[in-house]
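In the two assemblies presented below, chain A is common to both, partnered first by chain B and then by chain C.
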Partner chain A sequence: MDPRRYSRVIDPKVRQVGFCPRSGQVQNQSGPTGPSTSPPVSDISPSSNSLSPVMIPPPRHPSDAASRAVNVPAAATTPLRPRRPSFDDPNNNSSSTEQLVVSSYNPDESVLGTSPPFSGIGDDRDGDAESEFSDNSVNWIRQNDSGRFPLSLAPDGRFDSAAAKEKQSKKPQVGSRKERGGGQTAEVRNDLPSESKPLKEKTSKAARRALQEAQRAVKAAAKAAGGNKSKAASLSAHEQTDKAVKLPLQRKDDGPVTSSAAVSERRGGERPPEKDRKKDAPAPRMQFDDKNRVEKAKKRSVVKQTEARNRVELFRHLPQYEHGTQLPDLESKFFQLDPMHPSIYKVGLQYLAGDIRGGNARCVAMLQAFSEAIKDYSTPPEKTLTRDLTAKVNNFVSFLIECRPLSISMGNAIRFLKSRIAKLPITLSEAEAKSSLCSDIERFINEKIVIAEKVIVEHAVTKIQDGDVLLTYGSSAVVEMVILHAHKLGKQFRVVIVDSRPRFEGQALLRKLVKIGVSCTYTHINAVSYIMREVTRVFLGAASVFSNGTVYSRVGTACVAMVAHAFHVPVLVCCEAYKFHERVLLDSICSNELGDPDAISKVPGRMDINSLHDGTNKENLQHLNLMYDATPPDYISMIVTEYGMIPTTSVPVIVREYGREHLLI
Partner chain B sequence: MPDMQGLVNELIDKLKKRRVKGSLETPLQTAELLRSVISVQKLPPTNKAAALINAVRDVGEKLIAANPVELSVGNVIRRVLHIIREEDLSPSSDEAGDNEEEITWLRDNTAPYVAEIIRPPLLHMLHTFSSAEEKSKSYIFGRSRKLKHDVIEAINMLIEDVNICYELIAEQAVEHIHHNETILTLGWSRTVLEFLLAAKDKKRSFHVFVAEGAPRCHGHALAQELVGRGLKTTVIADASVFAMISRVNMVIVGVHAVMANGGVIAPVGMDMVALAAQKFAVPVVVVAGIHKLRPLYPENPEVSLNDMRSPSELLELGKFSDCMDFGSVDGAPLVHVANPVFDYVPPELVSLVITDIGGHKPSYIYRLIADYYSSQDYVRYGRDALFKL
Partner chain C sequence: MDFQVVVLAGGFSKTLVPLVSKEVPKALLPVANRPVLSYVLELLEQNNLKDLIVVVESESAALLIGGWISSAYVDRLHVEVAAVPEEIGTAGALRAIDHHLTASDILVVSGDLVCDVPPGVVAATHRRHDAVVTAMLCSNPVSGSTESGSSGVKDKAKKRYNIIGLDPTKQFLLHVAAGVEVEKDVRVQKSILRAVGQMDIRADLMDAHMYAFKRSVLQEVLNQKEAFQSLRRDVLPYLVRSQLRSELLLNGVQSEENGNDKDASQNPKIVLSQLLANASTPSFHELQHALGPNGFSLSPRKTHKCCVYIASNSNYCVRLNTIQAFSDINRDVIGDASHLSGYSFSAQNNIIDPSAVLGSKTTVGPQCMLGEGSQMGDKCSVKKSVIGRHCRIGSNVKIVNSIVMNHVTIGDGCSIQGSVVCSNVQLLERVVLKDCQVGAGFVVIAGSEHKGESLAKKEK
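Now for the complex of A and B:
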């Protein structure tokens, strides 16, 4: 392997670790001015192949190991240690923070990793005082580099906590960027050797560029989830080169810091699992009581929804719109809407109108629309497919969100799609890439939904015996399949269908079951404790299962599960594993979806009630139409997934062991 | 007496057709009917109380059979019987023969210990005292007339009690509702409405969540009333009860009847609400007039004290006619629709029962019942205990 390549990859890590002091030291040593420091840096650069005698790294990942091995010597050669005191010096701080970037990296790695003598220093870092971030970084360093040398630097004091925070906050947004960045670096790498050598002359130019880029990075960072991430990625790639040159200019703004965050993201590919997981932690959801963000989101939106005026205090953080106002408008735009692919547009409208309901149905419809959109996609000139397509997908997704908030299953599917796009080898031609994406999507639908359902049915059917009385709530696709299958197997059982206002989803299920001759009892949710006495099993569907075991499902599920629990009836939740999510949830308030309040206030066929509500008193009277609720894990006897039947406590295991697989299949 | 018979039949008819409903109408009409029954009843020279009791019992059994789930009918009848016994036993009615006979009647018909239980409640003590004065004045009139008169007075008192129980209960609202509270209720209940409004009138501001109480959805009417009086009200679907209960401070509900063990017969859905409240340690407060106390222990109350209503409230029969026709397996239709009216909530899920005479733990209800009913009117054994008096 070419050592150089890896060195490039490594550089960003240096920054991330944030051992600014070291670079500062270097600087001090060689001389106060930025440029003068460059020589040591150049040492670090990949060109130095000589390994220091000290280090015998047992590398974990071949790639990392190689790269580090190369770099380490450089670090070792730099006389860093004595400098430590300088960190404390306020003057140094500013410069050191930004600069330390490149040079510091290897040393601290080594410090943290193995050296007992420095463990004291390391403790600082590890210490709780540090932000999560640094803690984490320590971890990954250890993992990768354990057994490196005892170089020491005492980094942490230096590390600017604000910077750390900033990095952290960005992380989630940048997440998707990382893989793409990998591709980028490959292109850029070539320049590196040349640059690093003739550093002196280049500084001025590099300085300028760095400044520019820093500014751009700041901008990019400001765009929260915007599709512009790709820019940042490319930026970061460039930045490395610049960093090699320590620029006094950079001190003025935080540009470098932010960009360094971006850079660090890029490395995701080689990152050890812990780090990865951390980064995968879902971005905080949009909170609709945050006025600024809502304003911004509105500017971007295609669907102009008018917000419902009379909202329930407790749910200000959730979006609530006037229903039915925007549909005609959108329909009229069908042929004008340029950026949106018609199939996406169609699906969006179907969500909006409520024609497609249910976690699986929505997810499949969305994926199929994506697949069609990808088929029709062609990369615009001067753009790369990965980046442009991701931006496109982001656009689609935000459009769909405007139509109706995403379900967890859709979120997972989108994550999958994006990771596939990002991982496309750049060698693929556009046609190949498109067809591979389409087949990926098809495979996801097939494996994660269709086959998974079949496996779940196989599992669940074993729990139905002759003479059972099954209770189900609403209409869940999987539960319906379970019942149909059990009936096909000739089992003798009865089904109780519990339904609720305002949607009456159970009626469709009732119709289907009666058609095939299953004996059914139909009732409404209030009577559930009346009917529960005769029930022997409860089968429920789920919109999602969170890693604390909470089952997130259509509103009313929790009531049914609770009553079943009170009557000592086992509750089985059937849920495909792709709907599992690593988030945790305690109540139904923080995360939910608000439906049309008019659905509550209007009772079909009841003139006496309907007439009550058109009068006055609008401001004190509200109607709340929740769509989901969270069932506490203690009510659930088992969750049936395609991986088997598990207790709720095992949900995090599935998420951990198989969650990654969704992205990889 | 033909006209009397006509009145009785009319009420029976109304009860059968469920035209008289609710915990206000039913007891009032029953009490009024009994009053007229008593007033026209001819009393034999001896054993007047027994004659009255028999007359009331005859009418009562018919009324109860007409709508066995309208428990307040039975309650009122038992109250009236109790009143007759009380008046008969009270020291002012000093007709020795009557007393003796009554006592022998007691000895014959009930276990000896029961006599101890028969004890006049405070309210009736008051009443007896006042009527005692009257009695002394009207001593010259015939004794039989005096007994009847006293009983009718007492029944008037009972009617008055039923009428003012809302006020009496509402007066206690301020002791239970504080500022800025969130209260959940289910369906429609006049007692709850008055209770909440009383707190509102005392300048307490609080938020009320009303579960609509499908399929009858009477919660909307309650919400409308509350909003009309300026309370912040949110109507939620019954299915969201579990989601919302974690943010609620108190559940206040009206019920159909309070059983002797402290359990309550309540509008359907209440068991679910009470279970959810228990999960989140939210107190469940039951408001009920004293006439809703049912002097019986529940036995299989979900079935025996329940009423099933038309499936058309749940399934539009027109839409589902195809399903309904789908015939049957072994003679039984494929589709059943369960549309019960009541839920039984066991006493362990009820935190407090507020009646017109104050708040009580459910475990104390049995004692209240002893104050208001005579045990020989409800201590019964055998299959038809429910419908007999």
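Now for the complex of A and C:
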């Protein structure tokens, strides 16, 4: 049960409900903050609880809700909205009612633990959406805080936490009396600490004093009596004082002991699971601003990496090395890296030198290298193939990461391979296991990349009509295939290739298209806003698509997509489903790759500019050569995958439904 | 890493007479009192290459070299010494040991190379580009010191320079011409020039004679072209010339080239290779093909790549193939490139074996080397020179910029400048040598003066 799905289903209904005429009264219902307001709340929420989330929204029966709301004593209404006057007019102001609606159906959401409703509201009409969005989000957050008083929230978001506390302390009885399912349990939990805490504190001072005095008395007694007697006396005295101080003192005494014991217990108990968790969870990505870990990683690393000295502040967590030092160093070690298979080594070199670029190509090259390595692999004596080979593959992967950070697609492919290795039946002989792995790899390449591309091309071509002007950015292999195929089908269209420094990848595409006779326009990204007005479709490639619909692609893609959006040009992203990832990406800072800073500082053929950057290690000059950017889902009309053409919102569905399949095929 | 190493140690080189003699083949010429071959072997050993094939011309030299290797590297290296007949050239030598070659790539190193460039870089470049041949180039050595070396020697050395054409990225070899051909016009192939668009022609690079070959191609070329004698003069230029119209079977895909253009899109292998080719930065080989007249056909390309690795100027890389080079290397190994010698230098920046005996008022300057058991009389002065083992040197002798090998006797009052004195030579009193080479066992009579001469015993 994916909550996301529900929220998507709900949204339109919520909006529909917003137009109900008697909303003003409902508004009133939610307003009161006094303890007496709770009954109606409880009336509504249980019913909504029992309903399936799709059917929830109480305002669906506006008359019902309103009638209940009438029962509410309205005397205590406090919230003063700036827009309040408009509420009196029941006929208009849909926006306010919407807010109201949100607040009223939220309890349900909170119980179900679903995603916040504003995801739906964000899709609303452009006009009011902003303000509503912010208001609602505030409400939502507050609501979470207060837990069980969803309706006591003021829709204006003025409801402050102090008030909430006040209410909390007052309300317990009301809540329990009304038996409100999930809300109640939370309350009970709340109650316990709040009662025990003050008690403890009050007694503790007295207890301390009592204890001190008792101890003094004991000491005095001991001095007076001396020897064994004193001990007994002290014991008895201790007991007495203990009794005098009563329970709290005991608690006090035991406190540290038990807590430490508990701590140790917790440590002892929690350690193994923590380890397990570590094993299960994917290793956190290296943060390269963490000096200790970087040092450690350096010791392990095969490639000698000199960290670039002058890095941009915001991007220090990404690896950046002095370009040009790694390759010669790795090359000179060619014969010294025994455990590395030559084919892996070759691929690593090619990554490092930039001979192989592009998500698919890198992935295919890596998989082929793995396949080679597996063919030449033989299990050392007294080791099992599964374990040893997994370790080997890990070794290879870390080497490849040193050469260049992995792409998402490669990560998925590696996951696939590892799961295949792990699932090998023990009964298989070594030769059989190896051949099955190799055929698995071949099948992965074939099904997930080669055939997937063909299917994507089939899908995407249907979106190209005669007279279209297509725009593409950089050089994406799939987009290129789409254009070639459309040309082969005899469609009449024109292509605008937008390119950018420093790699000018579009030129290769341009060359191919011009050669087969497609009429092309070539421009740089600076001119994208100009050229966009004549474009009818934008086709883009992607390095990865994340589950919130964010498209992670060659830097500049986001810019093109946004301009296209502004010009109301549909943006189609062609991406194989094996590049999808369940992670959520919101910006291009957290995960990105830094390229060679010299690549952007040096302009070929412009000596006058290049001379400016001779001292690249100037303290106040930092070059930022980002490789990727994240395009928000709002700017993408459609993602073309082998599973069909989907909106960005359906990415998680693909990830969920077919993600397993990647591992299983 | 699936590489096999072949060291071409040569035999009794003609060019190095009188230094080379029946007892001392070229590979055993001492450089800082170590055979020159040891520099290559140690470089390989450092790089974890311990299975070597050493090819020696002529049986007698093979015996000498094999004996030395087995005594010096008995438990460190696994060396196979193969003897081939004389005067068959480097290509012939490889042809002769053809059946020993099994690995997918062959690293061919000349035995007279003194360098500190790890062979891994050549191998890595080779693998990275999937090349047919990768050659290592280094900048020309600054031949001859300012003090010595007559102009005639320099001119001769200049003639040996290669004319080398490179693509703008300096990764691919487009043209090779040996120094002799430079006298004529340089002929550059039009097809290559058209494909590349731009060619850098360099004369300041020297072929270091360290090649990585794809074995299958090397064997094929050697078998097909019986006339090929030398790797540098025949095989390499041939491969470079034919790189755009390759007749070699590089791998399986290329063999089935009988027009399967139509079902190419169905064949996943070809689609894949195309996918990879699209993504990689196209070298001119692919471009040439892509721009071909037959449009966008998927026919497999018939090209191969010839790559180069250009050693940086900070590396030391010289071949011992002339007498001039011999003295240069000796000077450099105890001087500028002292890290190669493997010795630890004293505070005075020289190496004097503890068993050497120096007379009173005898000075040994920096960048000098004095072998074990050598004796020097009074008031001698040694500058920038190498003196071998068990030499006996009289009083008042000046040795500057020279190499004196083992068991040499030098009489009183001699002056040796810029010369090479081989083993067992006797210089009587007051001999003056300048820019001379004295062959092994020669006796220079007292009081004679020689300048720019080569003195050797007459071979019977």
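What we mean here is this: the second predicted complex is superposed on the first by the 379 of 665 C-alpha atoms of A that agree within 3 Å, B and C clash if a C-alpha of one lies under 4 Å from a C-alpha of the other, contacts with A are read in each partner's own complex, and residues count from 1 in each chain.
In this text, a contact is a pair of C-beta atoms (placed from the backbone, for glycine too) under 8 Å apart; a residue touches a chain by one contact, two chains touch by 3 or more.
Not measured: the values here are computed from a predicted model.
In the superposed pair of complexes, A:Leu594 makes contact with neither chain B nor chain C.
By the touch criterion defined above, A:Asn446 reaches chain C but does not reach chain B. Touch counts on chain A: comparing chain C and chain B, the chain ahead is B.
By the touch criterion defined above, A:Ala477 reaches chain C but does not reach chain B. Of the two partner chains, chain C is the only one that A:Gln350 touches; chain B does not reach it. Of the two partner chains placed by the overlay, neither chain B nor chain C lies in contact with A:Ile414. Once the two complexes are laid over each other on the shared chain, residue contacts for A:Cys520 go to chain B alone; chain C is not touched. Shared-chain residue A:Arg511: touches chain B and chain C both. Applying the stated contact rule after C-alpha superposition, one finds that A:Val528 touches chain B and leaves chain C untouched. Shared interface residues of chain A, touching chain B in one complex and chain C in the other, are 511, 515. Note for the complex: chain B touches chain A at residues 207, 209, 212-215, 217, 220-221, 223-224, 227-228, 230-244, 246-247, 268-269, 271-272, 275-276, 279, 302, 306, 311, 314-316, 319-320, 322-323, 326, 329, 332, 334-340, 343. Every residue of chain A that touches chain C in the complex is listed here, in rising order: 328, 330-336, 338, 342, 345-346, 349-350, 353-358, 360-362, 364-365, 445-446, 449-450, 477, 480, 508, 511-512, 515-516. Of all residues in chain C, those touching chain A in their complex are 1-3, 47-49, 118-121, 123-125, 127-130, 268, 271-272, 275-276, 278-282, 290-291, 295-296. In the complex of the two chains, the chain A residues touching chain B come out as 312-314, 499-502, 507, 510-511, 514-515, 517-531, 533, 555-556, 558-559, 562-563, 566, 587-589, 592, 600-601, 603, 605-606, 609, 612-613, 615, 617, 620-626, 629-630, 632.
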